[in-house]
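Going in written order, the chains are labelled A, B and C, and every chain counts its residues from 1.
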C-alpha cells in the first residue's frame, strides 16, 4: 500500500512538471541560430569518416535557419539575415563534400537577389565545377549571374556554352545572345527561376522562388504593356496608372511582396518592395 | 620418461608499489609416468604459480620447466595432458556438451570417437541432465565437474589438476575421489594441488609440501604414514558394570596391556592404530617454517 | 584455430549483438523520408545517411567487440581453461580475431542489403540526375568493412599488452582519428605551406604517415554517393595494403601475446 502511494506520488510529480515543461518548449520562440561552426579542416579531422554526413547536416542547419527567417519575413518580423554566416557555413560544407549540390544550389539562391554577392557566388560555383564536372546547373547559374547581375556578357556566354556542351541543349547557347539583347533581363530571370523551381522540391526554397517569379512575371507584364503603349502612342507613358486607364494593362499590377509598382525616371518598371517583404514594409513607413 | 620435470625454478613478480615478490624459490621436482602426486601447501604458497608455469601460462624467472619432455611453453607438450585450472571458468554462453565438443575437437577427436568420449565423461561426472543447458546457469560444483570432464575428454595420459575438490559438495567430492582412484588404477599420471591432507592420503603415491615458495619435503605417502604410527588405542568394556574406557599403548607393550585388561575383567571391543596422519606431518612442516 | 573461431562467433551471436544491430538497423526505413529534406540531391543524401548509419554501427562493433574480446577472456579467466589445450597463443588470438572479422563481414552483408534497399526506394521516389551505380555502393560497403576489420586488429594489438579495456578502446579510437587524418596531414606537408615547416617536423610527420594506418583510402563514399568512377588500380592497391598491414599488426599482436604473462 505504502509503495503504491509512493509510486503514485512520483507519477503525479512527473505529470505536474512535464505538462508545463512541454508547453514552455512549444511556445519557445523558434529561431534557428547558426551558432559557431569550426573550420573545415577541424571538422574533417573530427568527423572521422562521417564528413559527408557533417556536410549535409551543415547545409540542413543553414536551410532551417533560412526557413525560420523566411517565416518571420512573411509575418512581417524584420530580422536581418546573417548572409555571411550562412555562406561561411555553406563554404565549410562544400569543403567537406565538394560534390554537395545542395550547397551550391542554396548559395546561389541566397547570394544573388537577397545579398548581391555575385563574385562570391561565382567563385563558389567555379569551385564546384571542378568537382561536379558533369553538372550543367553550375555553369548555368554562373552564366546567369554574370549576365543578369554583372552584365559581363562574354563571361556569361562562356558559362552558357559550357552548360550547352554538358547537356547538348541549344537553349543555353542561345540564352546569352537572344534573351539578353532581344528580351532583356526580366525574361532571362524568368527562365532562370523556372529552371531553379523545376529542380527542387524543398518547400521554403520553392515558396521564395515562386514569390520572386510572380513578381518578375508582373514586372514583365508591365514591361510588355509599356512597350505596347510606346508602339501605339509614340511616346513614353507618364505612369503605370496611365497604362491601366488606356486599357493597355488589362488588370492592376500586384506585387506579391506587398509593394507598389512604378515607373522610374528612365522608364524602367520598378516596385517599392525591391522584391522583399522588408522593402515593402520600409516603403510603407 | 619423466612427465614433469622442474629444475631450479624461481619466479619473482612485481607486486604492489613495484616491490618484488618471490613466489617460487629454486624449486626442483620430477614426476614419473604412472605416478600420483599430491602437491600440498597452504594458500599462497606457490602451488598455482608452479602449475601455471608447467602449463605455459607464465614463464619462470630462472630455471626450466618441462612437460612430456618438451619445454612447457610448447603447445604440443599439452597434447596428451588434461588440465583443470583452479576455480575454472568456461565459455559460459556454450552448453556443457558444446564446450566438451569444442575441447575434444582441439585435441583432434572427431566423429564416433568424439561422441563416445563425450558420453563417457558426461556420465562419469554426472552431467547428463545438464548437458544442453548453458554453462552460465551452472552451480559452482557443476562447473568444477565440467572442468574435470573437459580434462578427461581426450583420455589423456597425464592429468594436472589445480584444487580439483574445491567448490564440490560431499557427494561431488566422493565422486571425484572415486574418479581419481579409478584413473590411478588405470596407470595415469596425476599431479594435483590441494590443501586438504586427507585427499592426498587416500589418493596419492607421493606428496610434496610447498611453503612460502619453497619445496619443503617430497615423500612417499606410505612412508610418512608408517613413520608416524605411534601406538594403539584399546577400547575396553566391563560386562557387569558397563564401564567403558580407552587405554593407549605403544606397539611394544600391546600384548601385555591386553592381557592385563582381561585379568581385570574387561573385554576388548576395539583396537585402533593411532596414526599421526598426514595432517600432522604437514602442520609440523608449516609450523617449523613460521618459527 | 578453427574451433576457437567457431566458439567465439557463437558467443557473439549468443550475446545478442546481432539482435542489437537489427534494432539499430530499424533506422534505415526512416532514411528516405529524412532524405527528402534535401533540395537537390535526395538520393545522394539517402546514400550519405545510409553509409553514416552503416559505418557508425561498424565502428561501434569494431571498437567494443574488438576491445573487450581478449580482455573479457582474461578477466573471466577463460584463458586458464584454454591454456590446457594444445593451442599456441597465436592460434587462439587469430581464432578470436577471425570470429570478429567474420561477424563484421556478416553484419556488413546484412546492413549492406538494407542500404541497397533504402537507396533503391529513394531513387524510385526521387530519381537522381545521375543514376545510382550499384556496384560502387557494394564496393564502398566492402571497403568500409575492411577498414573496420583493420581497426579490430588494433584493438587486439592493444589488448595483448593491456590489463584493462581502457587502452584497447581509447587507444583504438585514437588510432582511428590519426588514421583518418594521416592522409590530410601528408597532403598538407606536400603543399607549399607545409614545406615551410621545420625540416625535422616534416620528417617526423612523414615517418609517422608510413607507420600509422591510412583509413582514407578505404573511403569510397564519394564514389558511391555521386556515382564517380572507382579507380580499379587504386582499389587493388588498397586491398593489397589492407592485407599487408593486417598481417603486420596481427603478427605483432601474436608476438606480444605469446610473451604475455597470464596471471
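The criterion applied here is as follows: contacts are C-beta pairs under 8 Å (C-beta built on N, C-alpha and C of every residue); 3 or more make two chains touch, one makes a residue touch a chain.
On a predicted model such as this, the values are computed, not experimentally measured, just so you know.
Enquirer: In graph terms, nodes being chains and edges touches, is this line, ring, star, complete or other?
Expert: Contact pattern: an open line, chains touching in sequence.
Enquirer: So which chain ends up in the middle if you average the CA atoms?
Expert: Chain nearest the overall C-alpha centroid, as shown: C.
Enquirer: From the C-alpha centres, identify the chain that is farthest from chain A.
Expert: Of all chains, B has its centre farthest from that of chain A.
Enquirer: Calculate how many whole Å lie between the centre of chain A and the centre of chain B, each centre taken as the average of the chain's C-alpha atoms.
Expert: Going by mean C-alpha positions, chain A sits 86 Å from chain B.
Enquirer: Counting in whole Å, what is the centre-to-centre distance of chain A and chain C, each centre being its mean C-alpha position?
Expert: The separation of the two C-alpha centroids amounts to 41 Å.
Enquirer: Indicate the whole-number Å distance between the mean C-alpha point of chain B and the mean C-alpha point of chain C.
Expert: Each chain reduced to its C-alpha mean, chain B and chain C end up 48 Å apart.
Enquirer: Could you pull out which chain A residues touch chain C in their complex?
Expert: 41, 44-46, 48-50, 52-53, 56, 60, 63, 97, 99-102, 105-106, 132, 134-135, 199-202, 205
Enquirer: So in the complex, which bits of chain C are touching chain B?
Expert: 3-4, 6-7, 10-11, 14-15, 76-81, 83-88, 91, 259, 261-263
Enquirer: For a test of understanding, state which residues of chain C touch chain A in their complex under the given definition.
Expert: Touch list, chain C to chain A: 36-42, 44-45, 48-49, 51-52, 55-56, 59, 126, 129-130, 144, 147, 176-177, 180-181, 184, 215, 219, 221-222, 225-226, 228.
Enquirer: In the complex, go through chain B and note every residue touching chain C.
Expert: 13, 52, 55-59, 75-79, 81-94, 98, 102-103, 105-107, 134, 147, 150-151, 160
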